[in-house]
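Each of the next two complexes has subunit A plus one more chain, namely subunit B in the first and subunit C in the second.
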Partner chain A sequence: MPTITIDGVAHEFEAKQALLQFCLDRGIEVPHFCYHPAMSVPANCRQCLVEVGMTEVDRETRQVKFGEDGKPIVRFLPKLQTSCSQEIADGMVVRTHRTSDLVARAQKDTLELLLINHPLDCPICDQAGHCPLQIQAYKYGPEGSRFEFEKTHKPKRIELGPRVMLDGERCINCTRCVRFTGEVSKSHQLTIIERGVRNYPMTPPGVVFDEPYSMNVIDICPVGALTSVDFRFKARVWEMSKTASITVSNAKGSNCWYWVKDNRVLKVTPRDNEQVNRYWLPDEDRLDYERFNDGRLSGPVVDGRPSSWDAAYAAAAEVLGSVEPASILFLGSAHASVEDNWLLSRLATHLGAPAPVYIPHVDPGHGDGWLRTDDRTPNARGCEALGILPIDADSVRKRLSSGAVKAVYVLEEDPIASGVFSADDLGSAPVIVHAWHTDNRTLAAAKVGLPAAMVVETIGTFVNEDGRAQRVRPAKAIKGVNRTLMMEVGKSRHDLHGTPFDRWYDETNLVDCQPGWVSLPAVAARCGLELSYRGPKDILAEIAGSNEAFRGVSYEAMGESGVRLQETAQTA
Partner chain B sequence: MADFIKHPVVELPERDPEPSVPADRLFFSEEEKARIATYVSRYPTADGAIMRALWLAQEKFGWLPPEVIRLTADTVGIPYSQAYGVATFYSQYYKRKMGTHVLDVCTCFSCQVCGGYDMLHHLEKKLGIRKGETTPDGRFTIQEVECLGACGSAPMMQVTNGPYVMNLTEEKLDTLVDALQEGRMPPFASVTLPQDQDEMGGNRRSDAPSQEIYQAPPVSQTIR
Partner chain C sequence: MSVSNGSVSKAGDWRSYQRVLLPPVKDLHKLEVYEQHGGYASLRKALTDPAWTPQAVTEEVKKSGLKGRGGAGFPTGLKWTFMPPVNPDVPRFLCCNGDESEPGTFKDRQLMEYNPHLVFEGMILASYAMSVKTSYLYVRGEYADWISHMERELEKLYAKGYVGKNIMGTGFSTDLVIHKGAGAYICGEESSLMESLEGKRAYPRSKPPFPAQRGIWGYPTTINNVETLACVPLILEKGGDWYAKIGAEKHPGPVLYGISGHVNRPGVYEYPTGMLISDLIYEVCGGIRGGKKLKALVPGGSSTPVLRADMIDGVTMDADGLRAAGSMMGTAGMLVLDEDTDMVSFLRRITHFYHHESCGQCTPCREGTGWLENIVTRIDEGEGNLRDLDLLLDLCSQMEGRTVCALADAAAWPVRYTVERFRSEFEARCRPSLVSVPETAALPA
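Right, the complex of A and B next:
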């Protein structure tokens, strides 16, 4: 097996790859700015320099030569090499800053050069706290500045586009953003203009940086030069906790982090998943978070008046018991998790009502074949795998007007706003709705409104367009005590720096709502169906045991990056 | 550059300027397109041809407003942003309207020592404009530039990205400006290295005839 020695430790490898990536894969930290695994390697930041040498081999015998001290003779290249562009080779010997004073000195000098014109405005910079330049300046940089002159003043507060703000002075010209628009999104909307000390990234005249993936440059920017117009100055990174979850504004189920402060979602950033979205996230996913915070329905409603949870559950059960079961329309939801839809199906089966249907939200032409899809719901595929099929709106309207449907049970949907039926079509048929928002139009016509937890507050499984089942984890807490949720919150909310600003017990901005796997069993219990699970994990275990499509799917199997439903599910 | 050290301010270019070249003039002729196609064919990828193509565009339109850069990029077949980055990198591509004659006076190290600033200030006084400005009649623009690689004959200057005028004196500048007023460009002078004297008649350029073979004068004649 070919071997490479890094800082005196031998590492075996199989395929050739870049030295920097090889080190990063093995947890050997090598400081760098411009290198990004998904893009080309310009080697322009000069921060990943290492000493590279080869063991000397006798040309005749092909044997490694040994010196008088008994160690192999290593011939080092006369100059330091950028590890991002250096391919590994058998017999290579590498010294990083840990073992080479030369490398440590070079990295220190590089940082000194980068910092010459970099404003020291970390106290007001959004990037501070997770800024590679800040971190590396502390770890490897010089202690002070020897630069006595006025720093270069470049344009600041430039809106490159509607969502991305540029601070030219902070830029270190790593060209990650330019390469992103050139190689990944291929919009070619950015370039580095001018040269030398004057250069910075910019759109050419007459071009607006408005591509649907523009905000990715904010994440890959190694300094605070590119910031989010939306998120600027809202919170420091150490005040927020972040939770690994998925986005729900389309059927791709891109992996993301939800950043939460005081139980409000403030920011959504991509989470690496090679199988789904790699390092990227479309802007629509990032800006689709305010609905988690604002306009929420808090506390149940019966007949338009606030009610207690017990009374609301009882009222719902009374409605379900007052009409003949075959005339109850159960509406599942492609916005709700697999578990909640399953419980709804079980309730419908128990009562003897027809199987639930769901309302598709397909917007033809919206998808781009990458991370945006025509389908604007996160779980249509999961519904279909459960046997919940798309609604036939015409026949539903007919059955409503003919009186064949006498009650409607809606799970996390708004059929009136979706145009499935109108409030007039409903007539006197009572409606029970699990609703997120107060502006839910079905809620206005409903007898019972049960506030539902949204994706950032619940535990559950969503199946994306490609049949990948992925977990969501609670990012913010809800009102009331739910031990399952609280345990999960304690595990899923990473405090980036361990500061106490946003512990999970923060009690501000709590919404009085319940996840479907709490409220549906409560309604079912009052209808005579005992749905006793210890939590959504058990529900999924039951689904996996009884539904062929979900065989082998469990919370452990999904883990951080999800698992594909079996091939049988795809052909079904 | 000296000013930049005192006031290191980088201005933001206009984000969305009005087009300077009217739409009915904004095109390349078939012959120009063919020339650009030839440039493109010389390189493995189209990017390589952008510099020569921008040069052609500058010769045609006089300078490179954004719409001309976009036209050139489209003709070459590379992204507009990339072409714009290239155009802003090189000071020889004019991003603003220049005078008919652009006088690039070198004030870099060797020329500065040999009186480059004297030459620059003489020109400024003679034409009544500051460096970076254009005379009201649109004939002359003075620029202060960095090293043009003719230190052996400092102080020197370049006329409109073309011929060099070397071993400048105030009289020589007066003559030059008068000649340019009458529309006479200074002759191309080839700087010859001793080892090239015999080859090609001392002319190191293959694309222009040698009109005046330059011989380095004794030092005592240039430094007064």
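Right, the complex of A and C next:
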């Protein structure tokens, strides 16, 4: 098999690829700025320079030549090569900064040059703490600077568009942002203007950087030049914890990190998943987080008055027991997890009520064939796999007006705001609703309101448009003690920064709500159905055991990047 | 002033040299006049005589030993053979580089003004040799007057059927387009020229792939200098052997010497390669202005290493001669500096140019060129420190050979060689350092 030697260690390879990516894939760190695996390679930052040589081979015998010291003769290229643009080859010998003083010196030199016109305003920069320039300057850079002149001044606080702010002076001209708009989103809304050291990215005249994916340039910017208009100056990196989860603004289920400080979600950034969203996240997914923090229903409500959880559960059970089971309308939710919808189905079955239905939220034309979908819910596919079908709103209204529906049980939905029926249509039929927000219009007409945990507070499974089952993890805590949730918070939060701010539990901003897999069994128990699980993991195991579509799906199988339903059904 | 004591010019009997690139013919830029003096005969010969296949034209250029006149001096015929075999489905391009922007270089402009048809004929012949259907003449935007001048002549050429479809009724077709640059030094770098021609920002491309593999719009492309292509009709007319015998043996042919600076008669002079520098200064240009002494000479455009007066004795203007002397032929745009020249001030102007013209793509050049200018300016203003000189040299090592294109080298060399070769002059302008400067190990380029 072809072999390449890096710092004296031989690595075998099968397919040709770029040397830098080859190193990164094997955990060999090579400092770099402009290289990004999803875009073209301009080799402009000159940070990833390495020494590259080839073992000499006898032209006739094709045998490696050995020197007098018994080692293969290596002929090194006269100039250092950028590893990002260098393709690996059999017999190649590479020296990185670990084994070559020349390379270490070159990397130090490049960092010195990058820093001479960089403002070094890290104390007020959003990027500080996870800034590739800052990290690499500390690791590979010079101790001081020999630059004794005024730095180049460039425009600052430029609003490239409604969501992205540029600080021209911080820019190191890696052109990642320009290449993103040119090669990935293809909006071509950014270019480099000016020349030489005055270079910085800018929109062409008359163009506003407002494409639906504009905020991705903030993540790929290796310095703090591009910042989020929404997030800037809100929190330092080390004050937040990040949790691996998925976004729920649409049916794509893009993988993301939720950044949380004091139990408030402050930022949503993409999490690499080659199968779903690669490195990208649409702006709508990033800005759809305030609803996790504000306007939340905290504490149960019965007949419009605050109530205890016990009393609320009892009131709900009383409603369900007081009417003909066949006259109860169970509304599942494409916003809720597979597990919660399953529990709702089990409750409906137990009572002898018709199977739940869900309210589709489809916005034709919203999707773009990439990471935005027409479907604005995260789990419609999961509902259907459970046998929960889209609602027929007309027939529901008819059944309500004819008195055929005598009670409505709503899981994490707002059927009145969705236009399925109005408060008048309900008449005297009592409603039980698991609600997120106080402005839920169905809640206003409900007899029992049970505050529901949102996707950032629960554990569960969502199935995206492409049939991929993915896990969500609790990024922020809820009020009340739930051992399963707390253990999961402890396991899921990436408190990578090792500072006193790494608190996985914080007393502030706690919402008094419960995940469906806690509140639904509590209601069911009062209706005579014992649903006993240690947590959603067991619920999913039960679903996988009884539903063909979910065969083989488990929390272990989903892991960090999810698993496709059909795949497991076929291989299982 | 002692002139070349007994050293030998490789240019032979240059005093009786008959000009061929810029012959003394009135109104030669006009198509009629050019044709009266044998113009387009080489093209007619190549297109009609079955012996002159495209391969034969390339072979003849190879035989002539013609080396590129744009600065790097790469053998032209060899470059042409790098083009992949003809595939009718894959377009291929020729580009004539007329973006001459190197300070001290102004020889292509003379060709564009006085003998544009020689360039056109050379381009069409090269297109024939490489089976190219479209060739571009990329001219720097500052040459607006020369562009309109050439466009008028090109129109006549199209009207006459010497370019375009079915040239001279022979069935060979090729188009020639004059493209106006927007005024950037970097566009003279071949890969950045291609980007510019494609309408993009002129950032040089990483090589490989080379232009012959992936050039304009990703298709095989050859790029030659204006003066290089102007030699091609002459080679076909008079033969590669004739050409190979002109001037220095290993670097033959006529050359346009663009001589500027402190000489009595600056200008563009056509002579064979291998001229003694002293002959060019004292005979051709009538000596140093005001009878002053020579102090320094930049032989081939501002980026080539400067030579002290005591380094040019017996040095000839050809690749080998200048390499031995410690410099390069470049574009043969000679800057002559007399004894009154302030070398610090001279270097300040040059570093300002490269700072202004760095495209900003690669870190070492983008940041380094400005820093170099800062330091040289400080020294020039009497505020420099002795340690700044070592910092300058160290910065040069940080730039040389570490960028996508050669502009970083072009910017670093004048600094390195001016400081090294005129160090005492720089030291005299600096304040003494209070702390001794540790020896800085120079890195190999």
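Things to note:
As a working rule, the second predicted complex is superposed on the first by the 565 of 572 C-alpha atoms of A that agree within 3 Å, B and C clash if a C-alpha of one lies under 4 Å from a C-alpha of the other, contacts with A are read in each partner's own complex, and residues count from 1 in each chain.
Heads up, the rule we're going with is that a residue touches a chain if its C-beta (ideal position, glycine included) is under 8 Å from a C-beta of that chain, and two chains touch if they have at least 3 such contacts.
As the structure is a prediction and not an experimental result, all values here were calculated from the model.
Superposition note: with subunit A as the common reference, subunit B and subunit C are in steric clash.
When both complexes are overlaid on chain A, the residue A:Pro155 reaches subunit B alone and has no touch with subunit C.
In the superposition on chain A, contact is made by A:Ile192 with both subunit B and subunit C. In the superposition on chain A, A:Arg98 contacts neither subunit B nor subunit C. Once the two complexes are laid over each other on the shared chain, residue contacts for A:Thr203 go to subunit B alone; subunit C is not touched. By the document's definition of touching, neither partner reaches A:Arg75: not subunit B, not subunit C. Contacts of A:Gly168 after superposition: subunit B is touched, whereas subunit C is not reached. Look at A:Ile116: by the touch rule set out above, it reaches subunit C but stays clear of subunit B.
Contact comparison for subunit A: of subunit B and subunit C, C touches the greater number of residues.
Shared contact residues of subunit A, touching subunit B in one structure and subunit C in the other: 149, 152, 191-192, 194-195, 197-198. On the subunit C side of its complex with subunit A, the touching residues are 184, 201, 203, 206, 355-364, 366-371, 374, 378, 391, 398, 401-404, 443-445.
The touching residues of subunit B, counted against subunit A in their complex, run 5-17, 66-67, 69-70, 79-82, 84-85, 88-89.
Residues of subunit A that touch subunit B in their complex: 149-155, 158, 168, 178, 181-182, 188-195, 197-198, 200, 202-207.
Within the complex, the subunit A residues that touch subunit C are 41-47, 49, 78-80, 82, 85, 102, 105-106, 109-110, 112-114, 116-117, 146-147, 149, 152, 172-173, 191-192, 194-199.
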